[in-house]
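Common to both upcoming complexes is chain A, partnered first by chain B, then by chain C.
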Partner chain A sequence: MKRVGISIALAAFALGCAFAEPDFKAMLKSVDSLVSFLDTDFSAEYKIEQFKPGQGTSVTNAAIFRRDKDAKYLILILDPPADKGKGYLKIGQSMWIYDPESRRFDFTSSKERFQNSNARNSDFTRSTYASDYDIVSGKEEQLGKFDCWVLDLKANNDEVTFPRCKIWVSEDNLVRKTEDYSLSGQLMRTRAIPTYQKIGERYVPVMLLIVDNLRGKTIGGKFQNETTKISITKPSLSKLPDSIYTQAYLEKVSK
Partner chain B sequence: MRTMLSFAAKSLIGRRRRFFFLGLAVAFGFMIMTVTTGLTEGLLTAVREKGAFYFSGNVNVTCYAKGQDDGSMDGRMVLQSIREALGETPVLQRSIYYGNDAQLFFGGETVRQRRIIGIDWSVERRTVDSLNIVAGAFPADGDGRAALISETAARKLGARVGDELTLLLSGTQGRDTGSFVLRGIFKDSSIFGYATYISRPAMNSLLSVPRDYVTDIGLILKRGQNENRIADSIRASISKRAEAFPVAHSRDELQDMTRDDWTGKRYMVCTLDAHLSNIKEVLDALMAICYVLLATFLAIVLLGIANTYRVVIFQRSPEIGMMRALGMSKTRAMFIFIEEAGLLAACSVLVGLAAGMLVLFGVSRMRMPSGLDMFLKSGHIAWALDLGVVLGISMVVCVTTLLAAWFPARRAARIQPMEAMRTEE
Partner chain C sequence: MKARSLLFFCCALAALGATNAAAEEAAPAGGQTSSVDSLFDNPIGDTETESSDAKQLLVPFHAQPLSVTGSFTSYAGGVLGVKDKEDDEGNYTGGYTFKASPGMSFIPVMTFSARPDETIRFQGTASFPFASTDAFAPAINEMFLDYTLQDTIYMRMGKHLVSWGVTRIFGAGGDLMSSSDQDLNMKVTVPVRSGGITGELLAPPAIMDSTFTWKKATYGLQTDVPYGRSELILSGTCYGNDDDNRPLRATAVFKTSLLGVDLFAESIAASRFIPEENLKVYPTLTGIVSGFYWSTPTPPLTFYGEYYIDATDTSWRSQFTSVVTKWDRAFGSPLNLALQWTHAYIDNSGIIIPGISTAIMPHVNLQVGLPCRYGAPGSYYLVNESPSVQTSVVKTDTLKWYQRYGLLLRLTMSASF
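Take a look at the complex of A and B:
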């Protein structure tokens, strides 16, 4: 009898564990830490392919240098030739765009579109889901081959690009899909990150697909969305000189 | 006097061939002046009407903030200040989004907007004449889903009246979108055209601010009311209750004041003239060039008149001598020519005015290219003639003509009768 009681208790405990929701806040912290580089610099080459229905695809190549610890990044456009030398510099909350033609720095914002693509300038910074968003709800969902937790998030400040979003987090605490919404619930864009590349103890997407849910064109009676495909190659965690994250550096390399 | 006038008229008619081209030149000059001033005044009036709608009135009050202050306007205080300064007067209360990230979406297309203006349809219906609505209509009172956009924006979006647009902007809680039904399309490809008008409550809901929130309070003034004096009195009234900038007289002044080193919240009373100072400068420069050209033209006409009269007087010397011999005084002899010139100028002015108005009427019937929208009313140039200006120009033309005739006439009056009678025509 005693054995039966213990068995029932153990079964109930196991069942409870199986159905218990994980600590979503801890999950978000883990999500952020896996793709952030707080103890080192990060650099890579990004290939940004922008597809506009009816207009074809344009390609931009850029070199990115990030120092998450100081909330800094520098993006240098390498291609196409018309934009070569153009740069983006972010230091803390301030952000500038540099035009080598006019040799002028203009203020820009993290919320602005990057090079007229569907990516935002904020897409190149470190992940800050845990600090910038509160969790509204979470549920399990199958996303292709991934078992995911879908977290419904609401921003706790107005600095973020999207005040509401849904993220699909796979079992390895990597974000596989996001949906970005306006405050009143309009779906603005969808991102998919099917594969990651491991670098040290961290992860960097191999490819990122962004679908703009508001921009596109009806062609042949069918609505086609604008999409941006970002491929990341040559990731490195090597230490970079401080001088990289300066306006002077951008001016120098753009000459 | 009447005899002299009829004498002058008879003389003019008798020598009509000689005076015809002279009169034509004066009339042409006056016609050009009439057309120039009529067009400039018309363009300026159209710009001012559109500007008054876009910039929330001829005089408007806004609030600026630096530092920790959120910059929200104390609408009640401003209304009380206006009442104290001017008594009960109708005002426009608007909630305007000045951020540079506002966008309209439709069918996958997008267009950026300079301003999203939340207005009270029922109040602003009276001032909407300047908005040239080319499709749909001004929304019904209380229509919270209505939007008015420019033809340029509608064309870019491929949207038609009745379509549902999505508006994106950054509110106090973050980026938000709203769905609006396109009720009306107005024609304006100028800077005033990159604005979307929606209802104030809908705007405030998008911004996540209280329903009665306002950013701008303005007054539409009647013609002849002094903007600067009214702005000064409102500013004085506001400054009793809150900090206020001095009244700005140009956009540069306005920008300098707001850029200066200060913190907190300050109110700005601004006139339409200040908002339009750059446009007005261009029109004033244009007007100045016209006046320089006209002054040159007048100088040529003046020389022409003087020369013509010199010849006329030489030819009429026997006649002058005869009159002088019969006892006509020097002054009277001189005034015969002066009156002739005066009559010539008056007739030329009348002909020039009529011709000028005819040209203005013709120009106003022509459909103008949309690049000039800022200066047009319903796609046409609306000319306007200020009576004072017309009288002023008439005086200038008449005085110029009289001056030109004065010196030859004086010489004619000094001719000795016997000597004059001996001269052969």
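Take a look at the complex of A and C:
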């Protein structure tokens, strides 16, 4: 009788453990750390394909250099030729866009669209879910072949691009899908990252698809959303010179 | 009243744009969520990759063989309007007359660039303008060499354009290096944290002449201090002169970004020399410009405006406003609409220029403008030009404001190769 009681208690404990919610804050910290590069620089080539219904697809290639520990990045446009040498420089909260034609540095914001695509400038910085968002709720959900936790997040400051978002985190603590919302609850865009590439101990998307849930056009009676596909190649963890993250460098390398 | 009407027009234009955009963009609930989810049904598994050489990404910017590119722009068009009758000495003789100013030009531009390695670059641009009003005068627009010392000091030597001002409409003297395209320059920039310090030396082309003295050279210093989303830029210039009365100018610029709108304020101070008293007045405030710039990619709308106070008028009544709005591909059509309204508060005169441009053939663009001036006879903008569009017509005291309109027509053909 005593053994039966112990067995029931152990089974109940195991069942409780199985259904207990994980520590979501710790999960977000892990999510951030897996895709942030705080102990090294990160650089890669990004191919950005912007599809606009009725207008076709435009392609932009860019080289991106990040130093996450100092909140810096530099984006240099490689293609199309008309935009080659155009650049974005972010240092802390300051962000500039450099136009080689006018030789002017103008302020821009992390919240702005990148090259008129559905990507925002903030999509190229480090992940800061744990510090910028509070967790409203979490639930388990199947996303294709991935077992995911879906976390409903609310921003705790107004610096972030989207005040509310929902993220699908797979068992390996990688974000597979996000939905970004306005303050009023309007779905603004959906992002999907089906595959990552591991470099060192960190992860970088192989491909990121962004669907603009507000923009699009009805073609042949069917509404088509604007989409942006970002493919990331040539990832590198090499240390880069400090001078790369300066206005003088951007002016030097522009055409 | 006219000002209110124009403001209403601008707002209406913006609202119309927003409405049109909304009509284009309204997405059904759900959008493409289901198609996004299908990406996860059978994705390629996560992969492992080796770190590549980051410097390879910089190769297109660090090492580049000699490349030559070019472009040409050809203009043809003219201005048609009315103007007060004047004698040879410019005195009003009564009545008005129609004036037409046709013109055309063809301007090929060649640019070469080479980057032997990451420390050095050569670049030059030359233009060969053929214009109906001027003699053929080929010119070297830029010819410079960039040299980077130890990745910390950036130097640019030769003839190159330097722009230190932030204004788009009223120059107002904030660009202390506006004569840079006439001189041989040397620029040295040292990045300091997120900002930097830049020194400029502008020497006149007669630097090799035996009469040259360093008093003829212009010296400038600029420091750039970003803080958060704001930036403070302080600059000062001592201009070259034959004697000791060398003009001094200084500017202070504050820039920031608020809700996606760029805001700026620029104040300009300058020294003055009073020859009769042999007195030099050290920099005193001569102008203040503040402005905004906002653009949105969809719909492709741009708004910018500036408010300028000419502080050399000690009564502080010389104040001006100019607002520009542009709407590319308006209503989804191939037409680009634009409107500039410039107003002088000193006598309530102004110029309104609505315009349309569109591509009529590959590489060919047609621009049409309808400048109109208002104000009392002899008022500021019945005498002076708009700060960014030279109309030269409809300068008349004879006609009522609603009759002072002209027509600008311009065909532009351009291509790059």
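Throughout what follows, the second predicted complex is superposed on the first by the 255 of 255 C-alpha atoms of A that agree within 3 Å, B and C clash if a C-alpha of one lies under 4 Å from a C-alpha of the other, contacts with A are read in each partner's own complex, and residues count from 1 in each chain.
Everything below uses one rule, namely that contacts are C-beta pairs under 8 Å (C-beta built on N, C-alpha and C of every residue); 3 or more make two chains touch, one makes a residue touch a chain.
What you see is a predicted model; the values in this text were computed from it and never measured.
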item	value
Simultaneous placement of chain C and chain B on chain A, clash or fit	clash
Which of chain B and chain C A:T125 touches, first, second, both or neither	neither
Partner chain in contact with A:S94 - chain B first, chain C second, else both or neither	second
Partner touching more residues of chain A, whether chain B or chain C	C
Which superposed partner A:Q186 touches (first chain B, second chain C, both, neither)	first
Contacts of A:T246 with chain B and chain C, given as first, second, both or neither	second
Which superposed partner A:V160 touches (first chain B, second chain C, both, neither)	first
Touching partner for A:S236 - first (chain B), second (chain C), both, neither	second
Touched partner set for A:R215, first chain B, second chain C, both or neither	both
Partner chain(s) touched by A:R103 [first = chain B, second = chain C, both, neither]	second
Which of chain B and chain C A:N173 touches, first, second, both or neither	neither
Clash-bearing segment of chain B, relative to chain C, as chosen among 189-197, 315-323, 351-359 or 387-395	189-197
Overlap of the chain B and chain C footprints on chain A, listed as residue numbers	109, 111-112, 214-217, 223-225
Touching residues (chain side chain C, partner chain A) in the complex	24-25, 27-28, 31-33, 36-58, 60-62, 113, 121, 146, 148, 151-152, 154, 161, 163, 189-191, 194-196, 224, 226-229, 231, 255-257, 260, 262, 293, 297-298
Residues of chain B touching chain A in the complex	101, 105, 107-110, 166, 168, 170-178, 208
Sites on chain A touched by chain C in the complex	41, 43-45, 63, 65, 76, 78, 84-85, 91-95, 102-104, 106-109, 111-113, 116, 143-146, 172, 174, 176-177, 187, 190, 192, 194-200, 203, 206, 209, 211, 213-217, 223-225, 227, 234-238, 240-243, 246-249, 251-253, 255
Residues of chain A touching chain B in the complex	53, 109, 111-112, 155, 158, 160-164, 182-184, 186, 188, 214-218, 223-226
